[in-house]
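Two complexes are shown next, each including subunit A; its partner changes from subunit B in the first to subunit C in the second.
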Partner chain A sequence: MRQISAILAVIIALAISCTAWAADEVPAAIDAPIDAAVYEKLVLLTEASFREKVGIVEEMADSSGQQAVLALQILLNSQLYHDEEGNQEFYQLVQDSAGKDQLYNLKTGRLAPDLSLKQLDKVRTNNRLRKAIKQSIAKIRLFKGSEPERLAALQSMLGDMDADNAKLVTTAMSTEASESIQELMQVAMAIYRAGAGAEEEKFAAIKTLQGRLEPEVRAALTGLVESSKGNKVLHAAALKALQTTEEKVEFYGFVEKLFFGLSLGSVLLLAAIGLAITFGVMGVINMAHGEMIMLGAYTTYVIQLLMPNHIGYSIVVAIPAAFVVSGLVGIAIQQGIIRFLEGRPLETLLATFGLSLILQQAVRSIFSPLNRQVSSPEWMSGALEINPVLALTFNRLYILAFSLLVFAVLMYVFKKTNLGLNVRAVSQNRDMARAMGVKTQRVDALTFGLGSGVAGVAGVALSQLTNVGPNLGQSYIIDSFMVVVFGGVGNLLGTLVGSFSLGIANKFLEPLTGAVLAKILVLVFIILFIQKRPKGLFPQKGRAAE
Partner chain B sequence: MKVKKTLAALALSAGASVMSFGALAADTIKVGVLHSLSGTMAISETTLKDTVLMMVEEQNKKGGLLGKKLEAVVVDPASNWPLFAEKTRELMTKEDVDVIFGCWTSVSRKSVLPVIEELNGLLFYPVQYEGEESSKNVFYTGAAPNQQAIPAVDYLMEENGIERWVLAGTDYVYPRTTNKILEAYLKSKGVKDEDIMINYTPFGHSDWQGIVSSIKKFGSAGKATAVVSTINGDANVPFYKELGNQGISSEDIPVVAFSVGEEELSGFDTGPLVGHLAAWNYFQSAESDANDKFIAQWKKFIKNNKRVTNDPMEATYIGFQAWAKAVEKAGTVDVDKVRTAMYGIKVPNLTGGMAEVLPNHHFTKPVLIGEIQSDGQFEIVSQTKEVPGDAWTDYLPESAKIISDWQDPKINCGNYNTESKKCSGQNF
Partner chain C sequence: MNAFSRILANVQLRRQSTSLVVGVLFVVTLYASVCNLLLSPDSMFYVSTYTITLMGKYLCYALLALSVDVVWGYCGVLSLGHGAFFALGGYGMGMYLMRQIGDRGVYGNPELPDFMVFLNWDTLPWYWFGMDQFWFAMLMAMLVPGLLAFTFGWLAFRSRVTGVYLSIMTQALTFALMLAFFRNEMGFGGNNGLTDFKDLLGFDLQSDNTRVTLFVLTATFLALAFLVSRFIMDSRFGRVILAIRDSEARARFVGYRTESYKVWLFVYSAVLAAIAGAMYVPQVGIINPGEFSPINSIEMVVWVAVGGRGTLYGAIVGALLVNYAKTRFTAIMPDGWLFALGALFVWVTIFLPQGLVGYFEKLLAKFKNSNGGGGAASPAGAKEASS
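== the complex of A and B ==
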């Protein structure tokens, strides 16, 4: 329990402080000539195969050390170009603030203004080469880097603890000041000794490794369990340590699944909550609900087109914009079509279904049938790493929080405002409400607009998770109806509980049965549930419900 | 008298106009285009429709074929599989087309097969597929599994030393068959059962967090791991996004995809994907004069400088060129004569080298492995010589003994069993 509350505290703290996710840094433009010895090695790269390049890079790092880091980083980030004529001139490609390509000569360290990319060839890298470059940089940084750099360097070496690296770590240990890095260095050495040490050393290593969650530690322990079969005491100790670790991993696996479930639940909640209003409260079967979500997502896209330099804010701007766009379309639909079909659910179903097709085709004609690219702002990418086996992705965290916020606002509107009061009155007894002076026509339009607007807001959130295309809405309409029916028609709280329980059930089934079967099982469960309790989890009570 | 004369003139001119109409109709060669322009597959297939239109336009500029102009007849099967069969019948009987370029998904091709065989038509199918088929009336211009999946796996084994494999796919016939072949192939290479993880997801799957997390776990066992992805369509976007968000880089666990090309990548930010792989027979980044020309022609035709080219477009191009050559060689558009003229025809492919039409209705193609770059293009890291397409895979015991040969008069079928020396009787 303490662990969970600790995790929650961390999540909240981090979500509030909104820490940026550390990506691979892209080197800025150089301002001085690059080291001559390094330059010589660069020349060799142009003609080499990928395999040879790995050797050249390692040699460069060994002989030039710190001097080589900049050149290696330029290469790592695909910024390194050379001239086609074989003049052995090298250039760094940098984009200036306006996004224009600029080339810097590595020999002089100066900008080469007249050069275009067409005259140059890129020095190509592949996965294997990039891995080698990263490891070479790590070896240098272990001594010379800043604290986070040293930590990252050490982490990248964990999986590859041979005698050479062990020697490096030992040397670095004597000068390392940071305690957390010292601790990880002990772990690194233990990984090495678990494989290559003497017997006592192996026992000591097991002690150090026990309970650590790094995958490399688990791999080392697994290796030790295998190799120590001849030595019963050692074998038992290693096995015990591995089991302790596995138990911990399992616990965090459970937490992770729970989070995945909540996250799926939050998506379902966002998609369904608008429907809970239009279908649940007003009783209108709106098959075009998915298209309201789609309109919200496309609004996000348009907003991003309008403010290409402020992607971070565009999402915030898109939320009210999507609410207005989808809300207005919703009101138009209500006034133009649904109003005339009151009390005829089958005709409403058909009419709104036709409408959903029209809206899809309209989007296809206006924006093309291809999916549109909606960028994720910087603060929404990456993950919150709680430990090596548990990382929660930021976009899901934000959407979870956002869905709860939307829910809270809607609850407030329904319970505390005039509109909410009127809506509840109309949905419980239309004639009586009218007799009491409630303008039912106006309330209907506003309620439908509210439901559609919330669907549009859901579209903004979904644009961060899935494809923005004409079919976006279709994939959520079934799920939305499922959630509303399961939760109990006419009850917002039911929608909340329904979406989260379906999300969690889905995610716990998924690893056991696969994604396809999990979905089917959830559907079967709902069918059975509805047989038993036709009014869902939280049925409406009282005379009005009959 | 005057009235009579006028009437006669009228009759004459009417007759003449009917005749000229008839002459006009016979003066064009009709090319059917059977690609979805609406529905889920529109995203991929619209491009191929435009490619065929571009090829037709180019051929007409050169003076057409056999002295006649080409005329494209475009229909929209709307991503609706049974409608593909109906539209094929419409093209063959009502429009009377001489050849059809079309289909994308395997299920749409399977739905067209009975019709095209019954009416003895000619279909060029331009997409990589699962193999295990060879119809007399279909030419498969995309890759068979041995021209895409198996070389990609070989590359990962040799270059990255991969020992553990995740086979992830969308739940339908192409991924299932390809993964069956790959599983058999991996096992034949000594990969153990516990080192293979197979996962299927529904079409358009968007919640990848659980699956990506289990891939991460599977890959943290200390052995080099790779994902072979047959995930289709736009489900790829959230999949790669989730990979990036969970911090899985291509150096940790590379993903090699068979359905992700330039067109799919143009839909999203490729920053987190750099280094993940794709295997195709063509990349836009391939360096050759023919390719440069093709790209320029495409951008001009579509009037958009940002549009990209991709593998199925090249397959359409090769199919069209081969068909045009065969028509000229046969001197007619008669299906049977064109078909026999097809065998052995060589057309240059856009990556350099030649594509040859084989008697099993497949083509020889080079296999290219590319790594995704930050600009949405591919860096070609490996390119093989032309590999002949194999209709029936050698890695499934029940298919290994079957061959297809429509040229050899002794065999003349798409499913000849080399053990029983018989054709199985099914048509394809």
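== the complex of A and C ==
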């Protein structure tokens, strides 16, 4: 338990401390006019041969600064068009979200709505020109960009450190102020020297490269190991450096698997925690629990339909909405069906299963049997790159944190509030609780509503990871029961430990056996585990256990 | 009214119902077969081969329901995984039929079934050996589910996993098997399962004669299974099983090894389900991993619940009624079936805890009582089957 929270703390701390972004290459539609000097160069481009174009592009890199980057990127991605009449008008071709072509005038920076592609000519590029453009963009960024831009430019250069690039980096090094970029420049030079340097330079390069995780570094080291077969000392040094690097990569691979395991665990936790309340604490088998999750996911979908312009907020609105929707349906189920089947668990199981069929079919009739796509808000997309071999996606990180938050809130409700006290009293001894004046009927309804509502909240989170469809809940119900049974019935903490250990076990088995077999093995393990400890990991003790 | 006369009345009722079930089954089977084989298709009384196959399918379901009732109605063990035994039996038969195709498959390979050729396998996996022998395949079709039931039951009952826990474990069992059989590497045809069967023991599966024979055989197996189950339940063994259902702890304290009783009953039930599966496959012509899906297993339970558990014939009635309704319903409004099935679950558990049979028995008893017949009593049925 403490170890898990320690690992979590480390990951969250890492998440906050490092924020490097992957460079986004395809430019979006422009929103301001292009600089006049750059524009003049573009005019020259339309008449020039490819050889001349290379010269123009290189000149752009020297004379203009940041302004040229955007224009060059547009050119690089074949988005640049000019009109046939020779009015020297330039346009950027962008596809909007519906996939429709749209043209933006580079002089005004505005959308040109009446224009069709047929009236325009593409400014053509070839491989050599594209290489020159890339180099020029890198050069501009390396010398004139902001710090993250310089870093990104350098990273994109690591892959082909030829003599030209090495010269570029050497010049840039003398003016570079940032320490981390200086360090990466050393690495870049070492990659170059590992391939083309003299022998003692190669030794120095190995020293610099050792332990760096960039895939380019590993490629350079592997190349060196291959090429230095004749020189035993050098070969041994390169091999050792490579092994150190591989060990590190392996370690981060382990961390990544752990993260995926935790992520799966958090999904399981969210799916199972509501069940831990209704099944674990109340002892009611609710086979329609998965459908409560599904309702939550569909609530998210509906709310996104209602506020299409505020996807970022819709998810925040969806959380309480899903809680209320699923919670109310849960209370209706409890009052309408489960109340009459008290003390007959097998019948409850059948009735709620029937209910789950009805709910699934209802959703299928209302929303169609096809999956619905729920879009992720911007702040949840993208990934956190801790180092070149380890990237954690934000949606998984948020869901991990969110599941722990939900868990903490529920723990608080159960331990510190009146409702929690009543629930525990009723679950331990119904008659005695009633004798003490606890309104057991009301507590039952509220508890069931709480468990179902939490399932709905889980649906909101799941909608960010998978497609929303009528079978969404069904695919989690067996897993949820396994988690609760494994963790120990009537024990929220057991559910936490159960879900994370099952999630991690699953992800560590997957590379060895394949996803399906891993799942089967985990199921078989639980079946065997239950034989050994029928009451789960953390059995209830004392009178309540009977 | 004393307990003894109640038991007597029960025995009498059971005898009546037994002969009624076997009699009705015999008459219907004979009538349908004769009408199909001897009458011309123009005749008013002609029974089409389609109907015969449909009835054969229903009877397989009835046998399956019987196997669920044996453990649930009489022993209180609610298995949500009986579909697994049914499907395993079906796969046993399917493997035999697959080998019978021989070189008539699409790829014309005399050794390997089509899907293996498609997967570029060059030898038969070891577990396919011998499956071209009918007796061996049938032995395996019963042995494998029986062994699975024995292992699972032995593990579960020995460590006293009961009630809802056991139900969910059985569900996980069939779910895991479904995932496994969906894998192509398992060597059971993956997603598509086994199909395109040609003949069984040399008889063409498409011919009317074979169809009728299969139907008659299914009816015979159902009648036999019913009689054997009735015999078991009336025997000493059955009495202990009932005692376990009503209070396992008490039965244990009296000195019975309840777990071994339960295991053997579970195995018996699994073998019944496997026979149902083996009879089902040649009639419908396909077996695929969908048969393992948890919802199928749960549907079986609802047949028994609708008919009335703990009566044996209730299970048969329930399976026939629900499946007939399903056929009609899915033809008229396909989307409505799940609504109807779901509503059936809820309705039966809340309003008809004894099922249709229990309801009519109660009516009958009331009728007899009001006529002044002191001898008859309300049937014991399955009052506390759940626990």
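Quick notes on this structure:
We take it that the second predicted complex is superposed on the first by the 411 of 546 C-alpha atoms of A that agree within 3 Å, B and C clash if a C-alpha of one lies under 4 Å from a C-alpha of the other, contacts with A are read in each partner's own complex, and residues count from 1 in each chain.
In the analysis below, contacts are C-beta pairs under 8 Å (C-beta built on N, C-alpha and C of every residue); 3 or more make two chains touch, one makes a residue touch a chain.
These numbers were taken from a predicted model, which means no experiment stands behind them.
Once the two complexes are overlaid on the shared chain, A:Val516 sits against subunit B and subunit C alike. Legend: residue contacts after superposition of the two complexes on their common chain; A:Lys131 is shown touching subunit B, with no touch to subunit C. Of the two partner chains placed by the overlay, neither subunit B nor subunit C lies in contact with A:Pro148. In the superposition on chain A, contact is made by A:Thr222 with subunit B only, not with subunit C.
Of the two partner chains, subunit B is the only one that A:Thr466 touches; subunit C does not reach it. Shared-chain residue A:Arg364: touches subunit B and subunit C both. Applying the stated contact rule after C-alpha superposition, one finds that A:Gly55 touches neither subunit B nor subunit C.
In the superposed model, A:Gln531 makes contact with subunit C only, not with subunit B. Of the two partner chains placed by the overlay, only subunit C lies in contact with A:Met482; subunit B stays clear of it.
Taken together, the two complexes place residues 361, 364, 516, 519 of subunit A in contact with subunit B and also with subunit C. The residues of subunit A lying in touch with subunit B in their complex are 50, 78, 124-128, 130-131, 134, 159, 215-216, 218-219, 222-223, 253, 256-257, 260, 263-264, 267, 361, 364, 369-373, 375-376, 381-383, 385, 389, 391, 393-396, 465-467, 469, 471, 475, 507, 510-511, 514-516, 519. Interface residues of subunit A facing subunit C in the complex, by the touch rule stated above, are 285, 337, 340-341, 344-351, 353-358, 360-362, 364-365, 478, 481-482, 485, 516-517, 519-520, 523-524, 526-528, 530-532, 534. Subunit C contributes residues 78, 152, 155-156, 158-161, 163-165, 167-169, 171-173, 175-176, 179-180, 182-183, 294-295, 298, 301-302, 305, 335, 338-339, 341-346, 348-350, 353, 385-387 to its touches with subunit A in the complex. If you check the complex, the residues on subunit B that touch subunit A are 37-38, 40, 42-43, 46, 159-160, 171, 199-202, 204-207, 209-211, 213-214, 217, 220-222, 234, 237-238, 241-242, 244-247, 250-251, 254, 266-269, 272, 274-275, 277, 371, 373-374, 379, 381.
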